[in-house]
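The block underneath contains the structure these notes are about, expressed in structure tokens.
Chain lettering (A, B, C, D, E and F) follows the sequence in which the chains are written, and residue indices restart at 1 in each chain.
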Amino acid sequence: MGVNGTKGRVLRAIETITRRVEERGEPLFHGGEQPLPAKREMIAILRGLQEVIYPGYFGEQALYRENLHAHLGDQLYALSRRLECEVKKALASELRLPGRVPVPRADGDAHEVVTAFFERLPEVMELIAGDVEAAYEGDPAATCLEEVILAYPGVKATFTYRLAHLLHTLQVPLLPRIMTEFAHNETGVDIHPGAAIGREFFIDHGTGVVIGETTVLGERVKLYQGVTLGALSFPRDKSGELMRGVKRHPTLEDDVVVYAGATILGGDTVVGAGSIIGGNVWLTHSVPRQSRVTLSRDQLANEITTRAQTLSR
Amino acid sequence: MGVNGTKGRVLRAIETITRRVEERGEPLFHGGEQPLPAKREMIAILRGLQEVIYPGYFGEQALYRENLHAHLGDQLYALSRRLECEVKKALASELRLPGRVPVPRADGDAHEVVTAFFERLPEVMELIAGDVEAAYEGDPAATCLEEVILAYPGVKATFTYRLAHLLHTLQVPLLPRIMTEFAHNETGVDIHPGAAIGREFFIDHGTGVVIGETTVLGERVKLYQGVTLGALSFPRDKSGELMRGVKRHPTLEDDVVVYAGATILGGDTVVGAGSIIGGNVWLTHSVPRQSRVTLSRDQLANEITTRAQTLSR
Amino acid sequence: MGVNGTKGRVLRAIETITRRVEERGEPLFHGGEQPLPAKREMIAILRGLQEVIYPGYFGEQALYRENLHAHLGDQLYALSRRLECEVKKALASELRLPGRVPVPRADGDAHEVVTAFFERLPEVMELIAGDVEAAYEGDPAATCLEEVILAYPGVKATFTYRLAHLLHTLQVPLLPRIMTEFAHNETGVDIHPGAAIGREFFIDHGTGVVIGETTVLGERVKLYQGVTLGALSFPRDKSGELMRGVKRHPTLEDDVVVYAGATILGGDTVVGAGSIIGGNVWLTHSVPRQSRVTLSRDQLANEITTRAQTLSR
Amino acid sequence: MGVNGTKGRVLRAIETITRRVEERGEPLFHGGEQPLPAKREMIAILRGLQEVIYPGYFGEQALYRENLHAHLGDQLYALSRRLECEVKKALASELRLPGRVPVPRADGDAHEVVTAFFERLPEVMELIAGDVEAAYEGDPAATCLEEVILAYPGVKATFTYRLAHLLHTLQVPLLPRIMTEFAHNETGVDIHPGAAIGREFFIDHGTGVVIGETTVLGERVKLYQGVTLGALSFPRDKSGELMRGVKRHPTLEDDVVVYAGATILGGDTVVGAGSIIGGNVWLTHSVPRQSRVTLSRDQLANEITTRAQTLSR
Amino acid sequence: MGVNGTKGRVLRAIETITRRVEERGEPLFHGGEQPLPAKREMIAILRGLQEVIYPGYFGEQALYRENLHAHLGDQLYALSRRLECEVKKALASELRLPGRVPVPRADGDAHEVVTAFFERLPEVMELIAGDVEAAYEGDPAATCLEEVILAYPGVKATFTYRLAHLLHTLQVPLLPRIMTEFAHNETGVDIHPGAAIGREFFIDHGTGVVIGETTVLGERVKLYQGVTLGALSFPRDKSGELMRGVKRHPTLEDDVVVYAGATILGGDTVVGAGSIIGGNVWLTHSVPRQSRVTLSRDQLANEITTRAQTLSR
Amino acid sequence: MGVNGTKGRVLRAIETITRRVEERGEPLFHGGEQPLPAKREMIAILRGLQEVIYPGYFGEQALYRENLHAHLGDQLYALSRRLECEVKKALASELRLPGRVPVPRADGDAHEVVTAFFERLPEVMELIAGDVEAAYEGDPAATCLEEVILAYPGVKATFTYRLAHLLHTLQVPLLPRIMTEFAHNETGVDIHPGAAIGREFFIDHGTGVVIGETTVLGERVKLYQGVTLGALSFPRDKSGELMRGVKRHPTLEDDVVVYAGATILGGDTVVGAGSIIGGNVWLTHSVPRQSRVTLSRDQLANEITTRAQTLSR
């Protein structure tokens, strides 16, 4: 077969691929008339918010106290317009929200959503400041707050979750998940925007942490890398469809610490306040306040031995 | 020592470093006459394929159904030329393929490889569509297909693996690994391009998943974060060299589910169809169809207690 | 409420946010007179060093052996100036170093630090070459050195750690951590720049590996994904403050292998030379040379059963 | 005055400037609700058209005959959407057109305009091809058509004029002028988009050429650098306002050649077919077909001498 | 000669070139310790000022009246810092100012200069607004102010001159000339920053206009393309050196109009108020108020004929 | 007609345009197999040479004397490779050279050409240094050499011509013209790369200067804006074709000065050494050494009057 022959083969292959893609309707194709929110733009907005909330840390522009007021005002307004644009696309796309019949949103909704977002941002910023403080307090390797803000993946993931959660509570589809998935990509920490997390939250190292959609965390909770707060099983309705939106993930009360690699599962599982869950523990039932749950070989062996002794009597 | 003095020291240090690098031959230096495939270009090609396969999702350009045909045709042809260019470099570099004597490739090979790649792409696209569907079906937190395509790391990793595996089966060195490592970087999911994976594959959350080179997965397999499908030991040949290319990783038959943090090792380990492997389980031997393998403290304790009771009788 | 009304609300919200940010002093605001080191620039310098140390692998420019000498010299000198600029900012910011009273650094210090960095770079480059060799030797899936350099996350993380550690030993704050956190982001491997790691170090797959600040590793250590070398508890001083800088992380002697998901904790924990720590093992005490520590269900069950038998006699 | 003092002065100066700008209403401020057409975008569209009309000359992408059809179709459609977007802004801005009461344009007008633009583009492309041919034929220094297309400023200016004129005839305000001014900037040739120019038009060298709004040129006209085809005076209406849209610039019939630096002025001035106007000539009245008009010192002197002789008789 | 041979020749040639450049001292080499002002940065600052003075015209960002105040304040402050940085380099470089012994400038001078620049900017902005108005009034082809601001080269050149002249009067070397040369490049209009130009100045078409350093123009002056306001001769001092800074260029009083291609030369040449200088006129002596100076063939002929008649009587 | 209708019209129009372009063969289409030299790349190479020849003036990178040698060597070698790549394309395209039968160039020619280019570059750099010196000496407004290098359009145009001419003498088609046309665009000065120009050449202001292909200039020639050195007529051969390559443009001997707007035409026209040609003069015949040729109204009038007087006697 000559060169023309193989060229013809490539062209025929491309024609086949093209036709396959064309034949697919939505949702596999989203075009210019009804575009999806732009992932890159949403990430850029997130970065913009990060620059504004920690001025001088992430941005490129030299900042001076003298013009901080004007600079922040300018940036925030521009970000509010850009966010409104993406929210409008997300609302228009009539994407389903979990456990909810899609309600058609009126035209001004995107503006209302963004207004509410900025009105509630100050309290979220306080939560974020608390998280930074908790990270500094909680890690002896932290040498200064600057290091915590610039280089702690848990802090970055929590920051993003806080903003995504705010948007989630305003019932915006798709965007919150794009935000947290970006943080997941960057940090290895996967927090669903639907989770409810109290103040002064700290995740150390973070890679592999998973926090499910209906998780509830109290204040001052601390997690280490590889911790899963997940579902035990997925309830299905009578027709066999997965039931979406039901509480499937655990609750951790105030001051709980969970060490690396532990797995806590189930919507009814409640870890009482002040408990410590050891590394690699697999926990699927509730434990009372101030519990110490660990899985060391010796501890396990001792416990079993005790039972064995009891039995052997 | 004056300023000139320390400047002289920097310059001498640089001279030393330069000489060290120069003294090293290939493979530590790859120059313009015989360049390595360009990592950034290969990633750009991968992104281009993603834009074409999910039009309107990732690209920057506004798309309209009216010009979809021309757009896809144009993009695909350009991608085919760019891919051919990288394949040519990969073949020219005579990099070793696992378990194979390096065969000199004739000049037209790169074109033939790329032609075959595009000819087989439609079936790979069907596999990809099946994976997306499986993710939507398998996760109650998924609110719409759009979210799954845009924001599910497991879907992204599987997508990349599918394309890399196709290139791997066409015996192109280096490029498939660059592709899957890019996905690993982005998602924390590390799938070797040599693994064989059936249709409707789903990885949830994904961080920390490792799927080794000689793994074989059936259809509708589902993995959670932190699952390792690895090697138990590395066989060596008589001369003590690692034997490359031998089956070292497990086989999972159809409809197997493996929960978070489980580890399944060994080339002879076969998990029978429909089995469920619990979180954190460490499995190094085969289990029959429909097995339930779990490692909960209570379950373990119960089992041991039972043995103890038996023994104590 | 009319459109003007909601616009007014956004503006008021922005005003509130702006005032909140302004009220915060340092360290939450770093301005143009006393800027923080620039994260992006530091990452760019790191990439520049990577391009110079592996010429032809990562850079964009076509390289030729004929001008390699001039090219490397030019790049290295430029990198030395850029690094000096960032070091100057890091030293000026008087950021605290662990366990140390902040010493004001004299003006020429940044130049001296960078000079020392480049003077010691050749030996670090030898360590890096050893790590690459160890990765190739240690992984049967590796088909060529090129693949190891281009696509092995453990190699990338170790490379970055080696450079960051050199800067750390020169007592530069903040920058080393920015470097390793960048590698963490890219690879899922989190190595504190303060850790001390011997030659021919290899991490396979890597996602989820955590190596704490005061860890000490001998030569030829090999780790798999998800391994934690962490702290058991955090000592506090009399006033209840965390004691920073104390040895809290384990020591692994030469030729230790640690399989996936294992956790080794504590500053006094020493793993003797040549030991193998199995997957998912949780180890908080020292083990002698050539130990084999594993946690398989069967092994655990057998051990308990033995005890039960003993007891039941 | 201390440093704070001068900083305060800068801030006060900025406040003053800001207030000045704010006080100005439209047209000096055009905001996001009613934006002006974007100059950069319009220039990018122009470049896009240039790449499509001369494929392989100006663009960055490698082109192949095999995918030319798809490539052009894709590019043209994308350009049509981008152009429509700018036309919509231009029409919405209700900018005055010369000699015309501004007519409110209905909503679909932008689409209609762009449709007409692309429908007429093929004939404009033929004019452009004729201009290229004329340049090659007319300049002995031209070595190949490629040089003419890539490097002849007159060809570039004429190309841009042709497209701008088409948009001008479709009564789009502002955009045509932005286009020709871009060409003026690049080439020094200033052709008003309202001018009417016949086929096979060639401007050599071009710097300083000015062709006014109501100029009419026949076929095969050839101009050299520094030629002005301008207005003699500006008629004003009874109220003293400049009358816009009246014919103020000359007419040059077929096959006229005008050499460098000549100036031809006035709406009633007609240069008959086949005439040659010499360098630096200043012409404000009509001349018949086949005229030779020159201003050499000797020629002038001779003419005057003749008159003087006549008078002295 | 083999390939190695020619490669060696290239390398030797490069070595020669390198040595030649190295041998040259300042001013041909300006290095990092004592850098020249950065041309690109200066142009970027100029563009920034243009965006601020005509908001919504040239910038990329969507602007809204609601945040105009913050936006302008932020932009202006940032521009003031960037300008100060370039001014500092210009002052440090001790470049000679015309007719002046270089005075070492104290450290705070750059800040003082920039403060003064911004303090005087409001009046310059009024001059600029007057120039725009004059362009609209003066050109019947102008359809709206927007077109004048966006697409009139004369307006752009004058705008740039106004800012450059302000910096020139503050005795900053080099930067003003970089600014006007940028405008020259873009518009073909070459105005020396030292020229003194009154309000409501308009240049139509503009290509080829040259306005020398010591030119003085009154109010409402109007120039057409190709006009030169130049020097007649260059006075030299006793040692034969060119005398720099002496008035060498003409003065045009209020309301003078100069048509295309006219040349007016000499430091003592004064064109009286309200005069009209015709196209292509060459004028080297003063003319009184309300003069009409033209060079048409007929007019010239008539004048000469008149003289001839007189003589022949 | 509905929306679909007009959309259909756009698509049909695009189809028509596409078919028109496709039908055209070379030279209107240049594809990937036989690409034209890339204009942007050629301009980038030119800029690279400018940065190397005036280090610290135009580039972005901080330069230091300590690494100047390595920096220049690296840059020059890289530029030599990039230039070779463009030269190869230009030679392969078999573009006609003026007055010459296209000779097929052998494969190594591009390398040989580039080698020769760099070997002759040092003498061209000396010419360039002489031009800079001449500009400083010749313009009383010049305050320092830095200003001359950074901001004098004539210097920039001459610089570019010098390099383009070198490439032209090496018989490379197309590239020299792309280079000089870029300078024409930037400066308004149009010098054909074929012209032969002696040392210490200076063009002041420059806009509108045209120097034709077969022009010959001696040493220390000085031109002002708007000067044309052009052809009087274009000789045709027997078949009526334009004769390309014949001397059509004038010769100016050493130390000639030509003032603004003068036009000198014809291949046999020789301006003798030391002559001064006045502004706007139109000269089509040779003048002897030390001539003064001017066209002032008075001078002209006087001359004519003299003749009239003579006649009237």
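Basically, contacts are C-beta pairs under 8 Å (C-beta built on N, C-alpha and C of every residue); 3 or more make two chains touch, one makes a residue touch a chain.
Since we're looking at a predicted model, the values are computed, not measured.
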Smallest count of steps, each to a touching chain, taking subunit B to subunit D: 1
Set of chains whose contacts include both subunit E and subunit C: A, F
Pair in A-D, C-F or C-E that repeats B-D, with over half of contact pairs matching by residue number: C-F
Far-end chain from subunit F, centres as C-alpha averages: A
Chain located farthest away, centre of subunit B as origin (C-alpha): E
Rounded Å distance, subunit B centre to subunit E centre (Cα mean): 61
Intercentroid distance (Cα basis), subunit C paired with subunit B, Å: 24
Of all residues in subunit D, the ones touching two or more other chains: 10-11, 14, 32, 62, 64, 66-67, 69, 72-73, 77, 81, 188, 207-208, 226, 261, 280, 295, 300, 304, 308, 312
Set of all touching chain pairs, with the criterion as stated earlier: A-B, A-C, A-D, A-E, B-C, B-D, B-F, C-E, C-F, D-E, D-F, E-F
Interfacial residue positions of subunit E with respect to subunit A in the complex: 61-62, 64, 66-67, 69-75, 77-78, 81
Contact set on subunit C toward subunit B in their complex: 52-58, 60, 62-65, 68-69, 72-73, 76-77, 80, 108, 111-112, 114-115, 118-119, 121-122, 125, 129, 137, 139-147, 149-153, 186-188, 205-208, 224-226, 260-261, 279-280, 295-297, 300-301, 304-305, 308-309, 312
Subunit A to subunit D touching residues, read off their complex: 7, 11, 32, 66-67, 81
Touching residues (chain side subunit A, partner subunit B) in the complex: 3, 6, 9-11, 13-18, 20-22, 24, 27-33, 35-36, 38-40, 93, 95-98, 173-174, 177-178, 180-181, 184-185, 188, 190, 192, 194, 207-210, 212-213, 226, 228, 230-231, 234, 242-246, 248, 261, 263, 265, 280-282, 284, 295, 300, 303-304, 307-308, 311-312
